[in-house]
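Each of the two complexes below includes chain A, the first together with chain B, the second together with chain C.
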Partner chain A sequence: MTHILLQLGQGFLDCLTPMNMLMLFIGIVIGLLIGVLPGLTLVMGVALALPFTYRMDVTASIVLLSAMYVSGTYGGAFTAILFRIPGEPIDVPMLWDGYTMGRKGQPAKALGWTLVAALGGGLLSAVIMVVLTQPLAVFALRFSSPEYFAVLLFGLSSVVALGRGSLANALISLCAGLLIACVGTDETYGAYRFTFGSRILADGIEFLVVMVGAYGVGEVLSRLETGFATKPIDKISNARTELPTLREIAALKSMFLRASVLGNIIGLIPGAGATIASFVSYGLEAQFGKRRREMGTGVPEGIVAPQAAATASVGGALVPLLALGIPGSGATAIILGAFMLHGIQPGPQVLATSAHIVYAVFASIFLGLALMCVIGYFAIRPLVKILDLPEAVVSAYVLILCFIGALSIRNDVTDLWLMIGFGVIGYFFERLKFPIAPLVLGVILGPLAESSFMNAMISYGNDWTVFFTRPISGTIMAFTVVILLLPFVQHWRARRVAAA
Partner chain B sequence: MRSTTRRFVLMMAAAFGAALAGGPATAAGYPERPIELIVPWGPGGGADQLARLLSKLMEPMLGQGMPVVNVPGGTGATGMAKLLAAPADGYSMAVYIADSHALLAGKNPRWSMKDITPVAVMIKGPSFIFVKQDSPFKTWADFAKAAKANPGKLKVATLGFGSVDDFSLTVLDHAGIKVVQVPFAKPSERYVSILGGHADALYEQAGDVAQFISGKQMRPILLFGKKRLAAFKDVPASYELGYKVALPQFRSIVVRAGTPPEIVKKLSDAFAKVATMPEYKKFLADQYGDPNSFEDASKAPAFVQEQLDDMKKTVAGK
Partner chain C sequence: MDKSAIRSTLPYVVGLAVAAVLFHFAQTIDYTPRPGMLGPDFWPKIAIGLMAVVCLFEIARILLGLRGETHGVGDVLEKAEDDEAPPTTYPWLLAGGIVLVSVYAVAVNILGFLLSTFLFLAAFMYLGRYRRHGAVWATSAVVTLMAALIFMRIAYVSLPRGVPPFDAVTDFIRVMLGG
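== the complex of A and B ==
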């Protein structure tokens, strides 16, 4: 333990050179911007930054990239809460409670909660990462296709919690999402599905197009209908940056721990990352949390659970990269590239041969989180002021953001038409009281779940019992079954009580 | 960061200037504006790394920017569609790799050799069968024996069905080595399947798993090629054992067919210069690429065609 602390201390000293601090600062600012722009995903952002690191020394370049990674999981919360545009898929759960809290007149408070959640989740996860690097790395190797599928199914089952009004409507919305996800070339066998001979459909429908369209454009359409006359939130310009009080945070301490550990574990799993962490954490809280019945009405639990888990997943994802050389996510794959460009090959030997760099990376995560929160703190106030502008003006900019986002995914104009189409669908969903969240959930998680299911089937000779007989996957499946049965049990109980 | 902004402004100015000048691009002053380099894959992969390195090394040589555009999707088909939709004036190029090329050996390919002109082959590297370091299979002979004793039991992780990996395994299949192919499109899942013991072997290029080789987590047991590689001199080559398959991973640069030959020549000469630079040679070595990978515009088309013929042969034998 003292050994680890000594090395970590050395890591902090290595990080505190002017060059590294500058990189840390630049990385955080760019990461926040990437998080805010819907089309520019974390992975793309980190990839674009990679060429600039060619001439830097190795510590500075890794510090830059990992700082971007950390803050990229946080930036999107701003647009999600203020304008209902999720900057990254990570931020979709932020719409349910975060945006709602903002609409109830407390946007600054909602942003304050995300800041605390990102800081808390990130720090807890960083501590876990530093102390348990080796054992966690070994644990990560136990995940294979059946486990991926179990985790994804668990994520999908959280839809039960999202269908506040009507479970049937939520399920219809989810199935529509899964169907949209089917469009395109099947990943395993290359068959064309629902492509109608169109080239762009053969590539599938990008979840970002659905997400930005249904939420961003749909919201603007809804406001257009009311003539942009939504009652302005009172005295927003006087709003201070509102951090939750210590008492409020202390009340949620077990939740912080739960979300961070969960985020860390999901980050560990190669193939799952911040997005799945965020969805699963929200789902878990909505099913088993103390205030599960109030989730979705703008309670802090609904903000902390996804944000803490998303930021915590960064620490988790770095563990297999540093200890085994396996990049657990798109962003870590690029960080791996940066290591290799400098002649360092992460893997079991790296802690022995280049320990100082590893610990400098660990230290940079701690410093990065702290710096990110300082920047976030000062950014909240000017950003919230934007809501003071006439709604029509804000909506115009929201639309521009949506268009830039949708175009930058594939550089294809057809995506813009698709996005407008999904905007209309999102608008009607809202009107007809169908929840949009399950639709988006299906589009994001559907293809991942499908390919891991197919792989498990190919790998285990079409034996579906593997999902239940392997220990990790079996445990997760048991949770899923409980979640799915819960509404029926409650319904049955309620009827018995009524009859008695 | 500032240099990017400046480069961007220059790029925009150049594009604007070109638009004003109008008319078809002429070979004489080529290049008069930035050349777009399409990567039909997402950022971060092997094709992307190559493109970004080329862009960096080529810019000073051509005196124009070479922005990298990622257009992922459809095993490279989406990016190729973008290339083929642009005019054949040498201002759009694409990175073209063996995995996309394999589509041409399949049913209803969306483009053919007639649509593209290979300008240069930048990197060729053989593929291998890898096992985990502590795998019970010490050599390829052990693996082949076990596969013959238990047909359809051993699992080999690959990129996917219809890929180069698939073609190579088909040849082994004909030789009586019947394995289950498990397709993992994501590299991270592919590597975990080996390190975590979920699959028995992995089909991969050495450059992509360099960190596991040097970290003593994986070792090669079979090379697909005619000759052994100096770096792994104990690993048998497939031709020695009578498996007639050598589909190397290659990464080349193509333009649309019909691009003026002078422009192709100019580009090819620039790539030839890049291939001699120490920075490029180091990249090639890190990727375990063949040191003599480079083929210029005079030889590249024949090489690419030959690869397709080889792939078609393995498919026909299926």
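== the complex of A and C ==
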């Protein structure tokens, strides 16, 4: 433990350079703005920032992206509470109690609860992240290909089972993502798969192209179709934050802890993320909380539960990325990309080879949370002012950033065409209620899952039972089966209730 | 049969057709088999098979009128939102947007990044029904120059110069920015 604390102390020193602090500040402000702006999602924002990091030092680039990731979970609460506009899907539960509290004449108090929840959840999750990463990395040294495959399968199953909407549509979306990831040259045989004679397709399709296209261009097209008809925003000239008293916070301490730990655990699961954490935490509070009957009427529990869980999920999501090299979400996949651009492969070895970078990132999360709250407290009015910008103008800028993102990957206009193609696919997915998250996770985790599956098959003579007979992979596979059964159990229960 | 049911099956019919086409291409993957090893077509075929089975299941479920679509766990935890009227949609705007981004992809190699971006920004704002002409052209110019400064001078991202005579514009701006 002393060793960890010493390294964390060094991490703080490394993080406190002018460049890193500047990146931290910029990351926090941009993350908050992304959260505030509807139509610009957290993942999309982090993806669009990646090209800016090409020439940066590795620590500065990871600090920038992780700061955006942390503060992006908080900024959307402002507009959800003040204007009933959730900047992110994460903030939808904030409409139920946060906005209602605001309507009851206490928007400042609602914003205060949000700030305390984001800070509390974030800090607790950062502590867990620091404590857990090293032991998990050491434990992961025991992992072989069957264990890696089991973890990846669990992640792919979670994104299908824990999401919203039709399970069948989520599965189709996931399969589409896995197939997109197959395009290119096969690692084992060097065979071309689905390349149709194209030179650039032989190198595969970059996940960034899919992600920026499906989330960025797709979302802009969807909003363009409505004529950028977001409702006019009431002028809030007195937007401010009023912190709850210590006594009020103490009354909710166990709830804080529950939501933060839950958010952290959900963040740990590859495939789940801040949105799922926010919904699950609110749902559990509404079903089992002390004031469950008052949820939805503007009670602090309905604000703290989703916000604390959403921010806490960030620390959780960084653990599998750093300890196992497995990105569990779109945002962590981009952070993985930033690491790899600088020649660093996160995973069990990273704490031995690049511990100073990892601990600087840890330190930046602590500093970022504090800075996020200071900026959120004092700069709420200028931040929500960005909503005065016409949507057509913001969307045009977003598209340009998407184009630059695509062009900068391989300096090839084919990537631009692919991105536009995925943008159109993303639009149709949204229109037909096919979730985009499984598609993107399929593209990101597909190659890792395939290579660990093939390696396991080669190592164990095509014996597929190896995934179930080895203790660690068997346990993870059991969790996978449970998580896949959950929607069916829930469906069966709902039908029984309806029949009764 | 109910027309709306047939319409609902359409996405799954398309999915099934895509799966069939991809299966055909997966069959034609060229490789030299190695004894005791799965081929490079194995993994894609699993994904194709799963996709086809789910599409078939959904088509059958809709056509047979079976109730009860299974949803992800997230749905239960989400409170029902107030029913809001769906927003009015303008398909011509969507078509215009797709055409505009496609034109940009064609133009960027000819006009270069800077000129095509400037024109795209202005065109997109007009398409999005923003009509403050001064603001449209001024912000397009400023954002293009900012992008040039950030990506060409600071981040050193290689962006298309365009073909003669348009490359001269890119070079001129690059010189103006000190490059």
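Everything that follows uses one rule, which is that the second predicted complex is superposed on the first by the 272 of 500 C-alpha atoms of A that agree within 3 Å, B and C clash if a C-alpha of one lies under 4 Å from a C-alpha of the other, contacts with A are read in each partner's own complex, and residues count from 1 in each chain.
Here is the rule we go by: contacts are C-beta pairs under 8 Å (C-beta built on N, C-alpha and C of every residue); 3 or more make two chains touch, one makes a residue touch a chain.
Model, not experiment: these values are computed from the prediction.
J.: Would you check which partner chain A:Tyr189 touches, where first means chain B only, second means chain C only, and both and neither mean what they say?
T.: Touch status of A:Tyr189: both partners.
J.: A:Asn411 in the overlay: touching chain B, chain C, both, or neither? Say first, second, both or neither.
T.: Touch partners of A:Asn411: chain B and chain C.
J.: Comparing chain B against chain C, which has contacts with more of the residues in chain A?
T.: Higher number of touched chain A residues: C.
J.: Touch test for A:Trp96: chain B only (first), chain C only (second), both, or neither?
T.: After superposing on A, A:Trp96 lies in contact with chain C but is clear of chain B.
J.: After superposition on the shared chain, which partner residues are touched by A:Val393: those of chain B (first), chain C (second), both, or neither?
T.: Second partner only.
J.: Touch check for A:Trp464: first (chain B), second (chain C), both, or neither?
T.: Once the two structures are laid over each other on A, A:Trp464 reaches no partner at all.
J.: So, A:Phe378: does it touch chain B (first), chain C (second), both, or neither?
T.: neither
J.: If you stack the two complexes on chain A, which partner ends up touching A:Ile334: first (chain B), second (chain C), both, or neither?
T.: A:Ile334: touches chain B, not chain C.
J.: Go through the superposed model and pick first if A:Ser144 touches only chain B, second if only chain C, both, or neither.
T.: first
J.: After overlaying the two complexes on chain A, where does the chain B footprint on chain A coincide with the chain C footprint?
T.: 51-52, 54, 188-190, 411, 458, 461
J.: Considering only the defined contacts, which chain C positions touch chain A in the complex?
T.: Answer in residue numbers: 11-12, 15, 22, 25-26, 29-32, 34, 36-41, 43-44, 47-48, 50-51, 54-55, 57-58, 68-79, 81, 87-91, 93-94, 96-98, 101-102, 104-105, 108-109, 113, 117, 120-121, 124-125, 127-130, 135, 139-140, 143, 147, 150-151, 154-160.
J.: Spell out the residues on chain A that touch chain C in their complex, using ranges where they run on.
T.: 51-55, 92-93, 95-96, 160-168, 170-172, 175-176, 178-179, 182, 186, 188-194, 217, 220-221, 224-229, 276, 279-280, 282-284, 286, 296, 390-393, 395-397, 399-400, 403-404, 407-408, 411, 413, 416-417, 420, 423-424, 427, 432, 434, 450, 453-454, 457-458, 461-462, 486-488, 490-491, 494-495
J.: Would you mind writing out the residues of chain B in touch with chain A in their complex?
T.: 1, 42-45, 48-49, 52, 55-56, 69-75, 77-78, 81-82, 106, 110, 155, 160-162, 180-189, 191-193, 195-199, 210-212, 214-217, 286
J.: Flag every residue of chain A that touches chain B in the complex, lowest number first.
T.: Counting only chain A, the residues touching chain B are 26, 43-44, 46-48, 50-52, 54, 140-145, 148, 185, 187-190, 199, 202-204, 270-271, 320, 324-330, 333-334, 336-337, 340, 345-350, 410-411, 451, 455, 458-459, 461.
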